[in-house]
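Structures follow.
Okay, so chain A shows up in both of these, paired with chain B first and chain C after.
The block that comes next holds the complex of A and B.
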């Protein structure tokens, strides 16, 4: 086995297309891992903490209380009402619980909500929509409660941390104070919903701007193409790997169950597979994404739902074939246990074709996903995704008067996309050549 | 073989039923509220109270149990009622019938260059196995296989329309469109180029052809890659067969060996790929039709999806699924007829 394995490895690493494919993919993996360093996201800075930050940088003993004061002021601005809000909403939750037990009428509950909206603790729509959509309002109120509970707990912890600061001095103080500041920053990012995968706007005009030192790939629709290409690598890997992995597992399960149990179960499962295969893949994915609602996650679900059938057929066929091979029959006749036969003989001969097929599907899956984004059905506006950048590019290139004027909008994301897919296809090709028994001579 | 065909024909209704079930279930994922909004004018819908909504939902049967709704939907389907297409501003079935000829025409024009060039490249690569030509064709196939169709389509548009001004997007030029829409122009087949010839309008024929070449180029590369890979590996296998060696040892010229003995047998698996290509072309070349702003099933589906026109996308999906099912049936049966090994087996 190890001899065989060594020979296979040698065959793989002397295969030129394998080497090129692996090199390309390693290149992309490095880009994906180091994306935050290659294209650092513009992390929004909380202006209210600027003074504290400046003081901390030039720390001296007499500044200590100034810093603590700054932090306390910030705490007051952010968390002053947190405790009161929390108590008020806790009371409201009690009223809601009573309302569910029919101890309180809906009018009384409505009056209670009105009280809170009058104090600006809750948005007025909760009161206005109460009669129409009672259940929905109550559900959202519970979410609101959870949010405020979290905020209240955070306020207690951070106040404690600030108070702790008073007791320490010197370097220890600076260290702890920086921790508190970054804690506030993190909460700030959560509150405003900062996401590094959303490409920030870098200019005010929508017209593409050619590459410059600051933006090496140029700008299109106010987005830095370099940033989009680098972070889009992560999106591509995520879509390709997750979709293919999950759909392959589903296919493996259905195909092997069908082959193993046979009979009517096999018939039913394979006919279901046939039915799913009778719907055009691209259109089906498009329709299901539209119905589930646009977005990366829903697109991936759609691609998985209509992407498992090839694997199911492949594994079933392979298992059925392997079951009838003479060496398997011989092993059976010798009295080798079923488990041993499956692990030693059937699995190695059936799983590799599936893995090779999965590798080859990753490229085309990424193309399909990008095509959906290109049509405006996949990634949301501004999401770092190659297909989306290319769809911006189309509008400028087709609408442009001078064809070469906006070349950079298609060149860089296009090359990234093509290289990525070529990498996977070369790897798949090489794997097939190496593992295909017919090639072993 | 007869039992095989009978079995396939018996399964046909089952598969079609299954497809309708999947498509219907998908539409039901929308939930009754969103489904209602597809029946009602958006402006009135915004003003309706919860009570009105409940009444309307009862009226449209949206609160019925799943099998009842499915039954009603299938009944409408059989009557040809697929709902109202917002994008097409006509019933969905009419919208499909009006757009299908454009897709057929594009497929017809794409078919011959793809099959001809694809097979020629595949055979050439196999005959010159491992030579420079072979490597070159393999790289050509790899790039075509890996090139996203939307990138390639934009490049084709960029080069041949914006750069050279040869192949513009759209179906027809404005002047030609006016003539085609006028009463004096008779639509015999609804295929623009053929109708133009039948009407004796060579200028319109050229115009329609000019508009179709760009999309054909954009579609071709991927399918060339596909076809030539299949042809190449099938040809390589056949060239190793005993009867080819016999033919060569008889002293037949290499040309005769390849053209008469090898190629015919090597093309058997190619038939399946070619068939799948025809189905693929007919069931919507979404991206290319969108980039080239052409009328057709693919662009209809994409526009409907962008505008959340649920009735239309369901209609396209059902229609194309039906095409796919029938197409696959034809491929499998003809494959069984062509290849004696399957016929006897």
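The block that comes next holds the complex of A and C.
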């Protein structure tokens, strides 16, 4: 076994396309992992916390209360309303509970909601939509309550932490204070919804700016292309891996259920597969994304919904074929149980083509996602995604004074995408050559 | 060799097997009965499509999904095979009754080493641990005449020649010391010299393991060397059954005679005298009466209309034919001609 394994590894690593593919992919993986260091995001800072941190760096006894003061100011800004909001919403929850028990009429509940919207504790839409979608509004109110409850609890903890700090001095104080500041930092970023995947604007000029020392890939639509390409690597992996993994699992399930159970179930499943296949992939994905609403998640859902059929067909065909192989009959004749026959004898002979197909699809999925982004259906405005950056270049494709003036808007994200696809394809090719048992000769 | 005092190991009675297909229900086996006694070799002979494999597979209920046993009784030792649970059945398969197949190319799983596949069976039935099983597997490979078994055990099927693979298959089938070995055309896919070696090996192993063999073949020539008794099948029915000497010396069914004439004879210049015309018809299109009537030299109206019963024409010799007398006259003429 280990002999064979060594041989397989050797075959893999002497296969030139495997080497190139793996190198490219490792390169991308490194970029994805180290994105925060290669292209550091501009993290917004809270003034109070910033000051507290500066004071901590040159700590002396007299600074202690200044620091605590800054932390208290931060606490006030962030959590001043937390307790009140929490109490108000708790009351509302009680009213809702009574409403469920029919002790309170829907008009009374509505009036209670109105009260809260008047104080700007709740968004006015809760009141406006109440009659139309009572259940949905109540569900969302509960979510709102949970959010505020969490915030309130954090506010209590935070206040405690500050009070604890007041009691200690010297090095111990510095140590604890640093911990508290970084905890508050995190809370702050959560509160303002900071997201490093959103490319920041780096200029006010609208026309693309060619590469410079500071922005090595140039600037398009006020965004730094370098930042977008680096962080877009993560997006590419996320889209490719998640979409292909989930759609492959779905395909495997449907295909193997069809093959294993046969009969009318197989008929129904395979006709459904046919129907999904008959719809042009891009069109279907476009329509579904439009229906679900824009955004990376919804685009991925659309790609999954229309991306499982090839796997289903492949695995079904392979299982049907393997089922008729004599070695399956021979295993049965030896008294091996059905479960082991599927797991040990059929799957290893059928799974390889599926895995190879999946590997190759990871690359092409990213192209598809880019196409959707290019059409404005994928990633939201400013999201670090190769397709989105390319879509910005659409406006500059005919150039200014000459057609190639804005070459950098296409070249860098384009190269990244092509390399990514090639990497996966080479890897898939190599896997087919090396691991497919039927190719072993 | 036939010993009626002993209890049969396996007894098949009035077996009917059907398959459901798009074109209709195929009646692949129609009322086959036979007995297999300890230590003997029973040959099932017939052209391709006559129902030999289906009959054999039925004895361990190993039919394809679209097939079922419509009627009949199968008794192995004291077990009523048709009423066994799946679990009980799996304990019989491979351990009590095991099988080797026609295509040594495809009957071994390409993903596993031959050792893996033998060990799988040992672990399953004999509760051996990995090491014991491996030692035993090497032993078995040596017994079936595979050179350097310590090395071969870790090889994949594609690294072995056809003959070696069939030997590995036999080792796998014999791993748990079965009392019955079903060999379904075990040498058909091999060339003649290898074929002879494998047959020799099977005969040796039969003595050593003291097992009964059901030997399936379309080649009567092989049967003469291997079997004690033979049943001849056509169209899913037994058309003739007798001990091997009787079958060869006194065939009493035109089909058996035809099969025999298909054997090329070294001592005669003119070969394939009187061999059977045509091919086995599609099972959905068999004649209403005697299934063989549309290919039979002696058939008349009666044969087309009515299927004869399998009659015991002399002790332990059965035949299903209306016109044995006509056939005898013809055989006589041929003999005269030979002189």
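Here is the rule we go by: the second predicted complex is superposed on the first by the 360 of 441 C-alpha atoms of A that agree within 3 Å, B and C clash if a C-alpha of one lies under 4 Å from a C-alpha of the other, contacts with A are read in each partner's own complex, and residues count from 1 in each chain.
Operating definition for what follows: contacts are C-beta pairs under 8 Å (C-beta built on N, C-alpha and C of every residue); 3 or more make two chains touch, one makes a residue touch a chain.
This one's a predicted model, so the numbers in the text were calculated from it and none came from an experiment.
Peer 1: In the overlaid three-chain picture, which partner chain does A:284 touch, first (chain B) or second (chain C), both, or neither?
Peer 2: first
Peer 1: A:425 in the overlay: touching chain B, chain C, both, or neither? Say first, second, both or neither.
Peer 2: The first partner, chain B, only.
Peer 1: In the overlay, answer first, second, both or neither for which of chain B and chain C A:329 touches.
Peer 2: A:329 sits against chain C, while chain B stays out of touch.
Peer 1: With the two complexes superposed on chain A, say which partner A:116 touches: chain B (first), chain C (second), both, or neither.
Peer 2: neither
Peer 1: Scan A:337 for contacts with chain B and chain C and give back first, second, both or neither.
Peer 2: Touch partner of A:337: chain C, not chain B.
Peer 1: Quick check on the superposed pair: does A:89 touch chain B, chain C, both, or neither? Answer first, second, both or neither.
Peer 2: Neither partner.
Peer 1: Give one of first, second, both or neither to describe whether A:370 is in contact with chain B, with chain C, with both, or with none.
Peer 2: A:370 sits against chain B, while chain C stays out of touch.
Peer 1: Would you sort A:71 into first (chain B), second (chain C), both or neither based on which partner it touches?
Peer 2: neither
Peer 1: Would you please give the residues of chain A that touch chain B in one complex and also touch chain C in the other complex?
Peer 2: none
Peer 1: Quick check: in the complex, which residue numbers of chain B touch chain A?
Peer 2: Where chain B meets chain A, its residues are 11, 14-15, 18-19, 22-23, 26-27, 29-30, 49-50, 142-143, 145-151, 154-155, 157-158, 162-163, 169, 283-284, 286-287, 290-291, 301-302, 305-306, 308, 310, 313-314, 316-317, 320-321, 324-325, 328.
Peer 1: Where on chain A is chain C touching in the complex?
Peer 2: Residues of chain A touching chain C: 3-4, 262, 325-327, 329-337, 344-345, 348-349, 437-438, 440-441.
Peer 1: Can you list the chain A residues touching chain B in their complex?
Peer 2: 132-133, 271-272, 274-276, 278-280, 282-284, 286-292, 363, 367, 370-371, 374-377, 387, 390-391, 393-394, 397-398, 400, 403, 410, 414, 417-418, 421-422, 425-426, 429
Peer 1: Across the complex, what residues on chain C touch chain A?
Peer 2: 60, 62, 65, 89-95, 98-99, 101-103, 106-111, 113, 120-121, 124-125, 154, 156, 158, 169, 172-173
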